[in-house]
Amino acid sequence: MNATNMLFLDILLVIALLSLAWATLTATDARRSVILFIAFGLVLTLAWARLLAPDVALAEAAIGAGLSGALLLAAVQHHPRRALSSERQNTGKLANEKQNDSNPADLKSSVAIRWTLTLFCIALAFVLIWALLQALSSETSDTLAQSVSANLANSGVSNPVTAVLLNFRAYDTLLELAVLLTAVLGIFALSEQRTGYLPAGPVFNGLVSWLVPALILMAGYLLWVGAHAPGGAFQAGATLAAAGVILRLAGKRNIGLPVSKSYLNIILVIGSGLFLLVGLTMLALGRPFLDYPPAMAGYLILLIETAAMISIAATLILAFLGGRPRNREDRSC
Amino acid sequence: MIDTLIWLVALPLASALATQLLPRYATAIVISTAIATSINAAALLYAVATHGVMLYQIGGWTAGLGIALRADGLSALLLMMAAIVLLASSIYASAYFNDNPLRRRFWPLWLLLWCSLNALLLSGDLFNLYVTLELLGLSAVALASLGGKTAALQAALRYLLVGLLGSMLFLAGVTLIYAGYGTLDLATLSRVVAAGPIAWSALALMTVGLLLKTALFPLHFWLPPAHGSAPAPVSAVLSALVVKATFYLVMRLWLDIFSEVVTPQAASIPGVLGAAAVLWGSWQALRAERLKLLAAYSTVAQLGYLFLFFPLLQALPAGAARDAAMGGLVILALTHGLAKSGLFLAIGIIQQRSGHDTIRDLDGTAQRLPATTFAIALSGIALIGLPPSGAFLGKWHLLAAAFSAGQWLWVVVIMIGTLLAAAYTFRVLGHAFGQQPYPRHPVTIAAEEWPALILSAFATIGLGLAGAPVWQLLKVSL
Amino acid sequence: MPELLLVCLAGLMLSLLLGLIRVLRGPEAGDRMMAAQLIGTTGVGMLLLLSLLLGQPALADVALILALLAAVAAAAFSGQQRETGND
Amino acid sequence: MLTAHWLYGLSGCLIMTFGLRAVLLNDSLLQRIIALNVMGTGVFMILITIAYRGPDAAPDPIPHALVLTGIVVAVSATALALTLIRRLTEEQDND
């Protein structure tokens, strides 16, 4: 397709993104912000696709537009009134001892501070653009991308993004799974799951009956296809989590997660645990940490990704539940 | 031997998972992990001292394509301090949370925090540093909010927002670096980076992000409530280690990787902010009504001293004077880490025993808890910078550097800061000593009092009298 | 053949623009959510066309995920929470 | 330099600074969380723009992998923040 047509698409996407970002950030009402943010995520998916980043587009469609949106919507709907309450009001409620420190919430009310910060942001935008244009116009060496493709054959997969994520920079991904685990443990430490949803009506049940199997099927497909085409554990995990979220929205309580605490713990830990175990096994075999033997690499990556998908999906579902599952017997379904 | 580096990250992570799976054995797992990791850190320190810089290429890929872990004298010293503080705090926490139901939530997050600290100090890759920063930030927030009521949750939420904003600014800087230089590896970057808009704006973004997390004045507003309302062992680690980890990164960027890019004018900015932090933090500590807030404001001030070194190190030419000042900076940071964690642990005991930590009502603490009061006094000595504490050496070198660089302003700041520190320390001790009979057993709760005492004693006596190896180790640099 | 695809793409771009106007203007939350769904559906169409035009078969997968997950967001919007905590 | 670099690079910078401004100035906690997400998206857009090498060249996979990691980290942080907000409002209702 020729450049002019692409230019029209680019301009439309950029206008849509900028106006949606601005509207999301300046909305007076939190619920409106959330809806605009979801629309922003949808358009963003198109932009990633246009910039030839299908892996990122998949993740954005699953997480950015879908799950983050559901998380945020649940947050505004849970406390429609309080979610809007400003930090200023909250700080006023702070009944602990006198705070000696200057309170930034008070500072914010000052018009002068608002303008100073706005001018600072404008200046930052100019500096950023200046530096970025310098960087993009200078002939930066492409060595890293070249060495990725040079070593792709030894990585065990043929999708370069999966190779970077699960082989060349696998250590990042291991720590990222630890971040997910930290978040869910932090959520557990904070509270129990929020109240559930009303049992679904016939229309919703119809949606559930075809959407959930489709999501599970799609998750399996993404996991498998990730080795040689866009896809992988994260996209698959988010898709699987979406199935859980739908079930939860339809009023089901345990949405397929085990009730037993120890089984639940295993599911949460298995992603990072298996990853670490593979890494340490390599150490025991006299190889560097996470250095897979090339012949085994493909299988090991698939194994790690499967475990990671399970943990990611469970983590995201529990994040949507907003706390540790209750042990009480379920009477509603 | 060289596997030490990866085990410093892998072992706490593995134990975190194990404590989540086997909560019944959590304490045993944590204590044995703490001992093993401390031995590991000591082994690393020894290896760096004898063999020089340590490098570990994860996955066997060359750094750049893959991620490398690196340890030089600076990171090994900080890893060792982290290990000592965390070992002592783990023992303390096992008694502090004794049969509290929070315990099973606490241990996995605690070990994840340790894992992220070690990973940050060892990381040789800019994006990996971003991931470790996020891991550190989230685990710290989760721990700070543990079991807390409104005030603690409020503080934790602000801490989280500030932390996320800081990491995002850091990531923006990393993005510019990748756009401009096509690499994320720190060693490669330090070879190719050149003064220019890309390096300046990337450094500025990363620095602002890190200073937010390090709580340098005036970006410190979140620290006193967060450190003041967390459980005691968490406060100790937040004040002693978590802010130090991001400070370490600022050091690494300004004094090592971007040292060719930084101009004297730029280096005076952290200096001026540091001076303001020293004065403001000390003043607020003097006015604080609660011990924990006093300790938290004192952290703001002590971080200020560390930033005073930046303009001086920039002004001094490479050579003996600069090396001496560098050692002073590191020993000041180490002393503060040990002393402040000791102080927070001691405050935790007082809080648990008397149900409050209001300074005015401390009368008789010296009689009821003599060992704890002694720990507070020892850490006070280190915070003021009296001899023989490590902070005395640090401030000595700070003053020497200020004289030889001819930057007299800092001398005044150091003087005033020291006087204020003496004032707030003696204010606490003045209240703690009262006219009451002493008990027969000075140590009443061994598992909690010993860790506090040892940390403070180490800061005051250990580092002061045996600080010379620090200068030797710092000669091993990337 | 590419000409036909381009005409379709232009039509979808117009639809995206209209959806954008409605999502920005509201006025009710429901209007915005419906418009967001329009953007999502339009996006699915555009992704399929781009998949052909750019020669990127993977974009068809993206379209599929977008179609499935946009439904999740809509369900989250309409799902009603229990008032009390006794579930 | 390609037209797409100009367009998307500029938008990335602008979206990031829009987000930053809202993080600093917005009063609502929830909207600050959203603003952080928008800000992150701006940074991700810069990364994806850097990776783009024109319509016929394969893009650099490393920024794509970094963005994927970044998205997962962002959703974890968002989830934790939302739970904290919910817990805080519950706690305030009890007071």
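For clarity, chains are labelled A, B, C and D in written order, and residue numbers in each chain start from 1.
The definition used in the following text is that contacts are C-beta pairs under 8 Å (C-beta built on N, C-alpha and C of every residue); 3 or more make two chains touch, one makes a residue touch a chain.
Every value quoted in this text rests on a predicted model; they were computed, and no experiment measured them.
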item	value
Longest centre-to-centre distance from chain D, chain (CA-based)	B
Between chain A and chain B, centroid-to-centroid distance (C-alpha), Å	30
Distance between the centres, which are taken as Cα means, of chain C and chain A, whole angstrom	19
Between chain C and chain B, distance of the C-alpha-averaged centres to the nearest whole Å	48
Centre-to-centre distance between chain D and chain B (centres being mean Cα positions), rounded to whole Å	29
Interface hub residues of chain D, defined as touching at least two other chains	16, 20, 29, 33, 46, 50, 55, 62, 69, 73, 76-77, 80, 84-85, 87-88, 92, 95
Contacts with two or more other chains, residues of chain A listed in rising order	52, 67, 78, 87, 90, 93, 95, 128, 132, 135-136, 142, 144, 148, 169, 172, 176, 179, 182-183, 186, 190, 194
Shared-contact residues (touching 2 or more other chains) in chain B	127, 131, 134, 138, 141-142, 145, 150, 154, 172, 176, 179
All pairs of touching chains, each written as two labels joined by a dash	A-B, A-C, A-D, B-D
Chain D residues within the chain A interface of the complex	1, 3-5, 7-22, 24-31, 33-35, 37-38, 41-42, 44-46, 48-52, 55, 58-62, 64-65, 67-69, 71-73, 75-80, 82-90, 92-93, 95
Residue ranges of chain A in contact with chain D within the complex	3, 6-7, 10-11, 14, 17-18, 21-22, 24-27, 30, 33-34, 37, 40, 44, 47-48, 51-53, 55-56, 59-60, 63-64, 67-68, 71-72, 75-76, 78-79, 82-88, 90, 93, 95, 105, 108, 114, 117-118, 121-122, 124-125, 128-129, 132-133, 135-137, 142, 144-145, 148-149, 160-161, 163-165, 169, 172-173, 176, 179-180, 182-184, 186-187, 190-191, 194, 232, 234, 312, 315-316, 319-320, 322-323
Sites on chain D touched by chain B in the complex	16, 20, 23, 29, 32-33, 36, 39-40, 43, 46-47, 50, 62-63, 66, 69-70, 73, 76-77, 80-81, 84-85, 87-88, 91-92, 95
Footprint of chain B on chain A - complex, ascending	87, 90-91, 93-104, 127-128, 130-132, 134-136, 138, 140-144, 147-148, 151, 167-172, 174-176, 178-179, 181-183, 185-186, 188-190, 262, 265-266, 268-269, 272-273, 276, 279-280, 283, 287-292
Interface residues, chain A side, partner chain C - complex	1, 5, 8-9, 12, 16, 19-20, 23, 31-32, 35-36, 38-39, 42-43, 45-46, 49-50, 52, 54, 57-58, 61-62, 65-67, 69-70, 73-74, 77-78, 194-198, 204, 207, 211, 214-215, 218, 221-222, 225, 229-231, 235, 239, 242, 245-246, 249-250, 253, 332
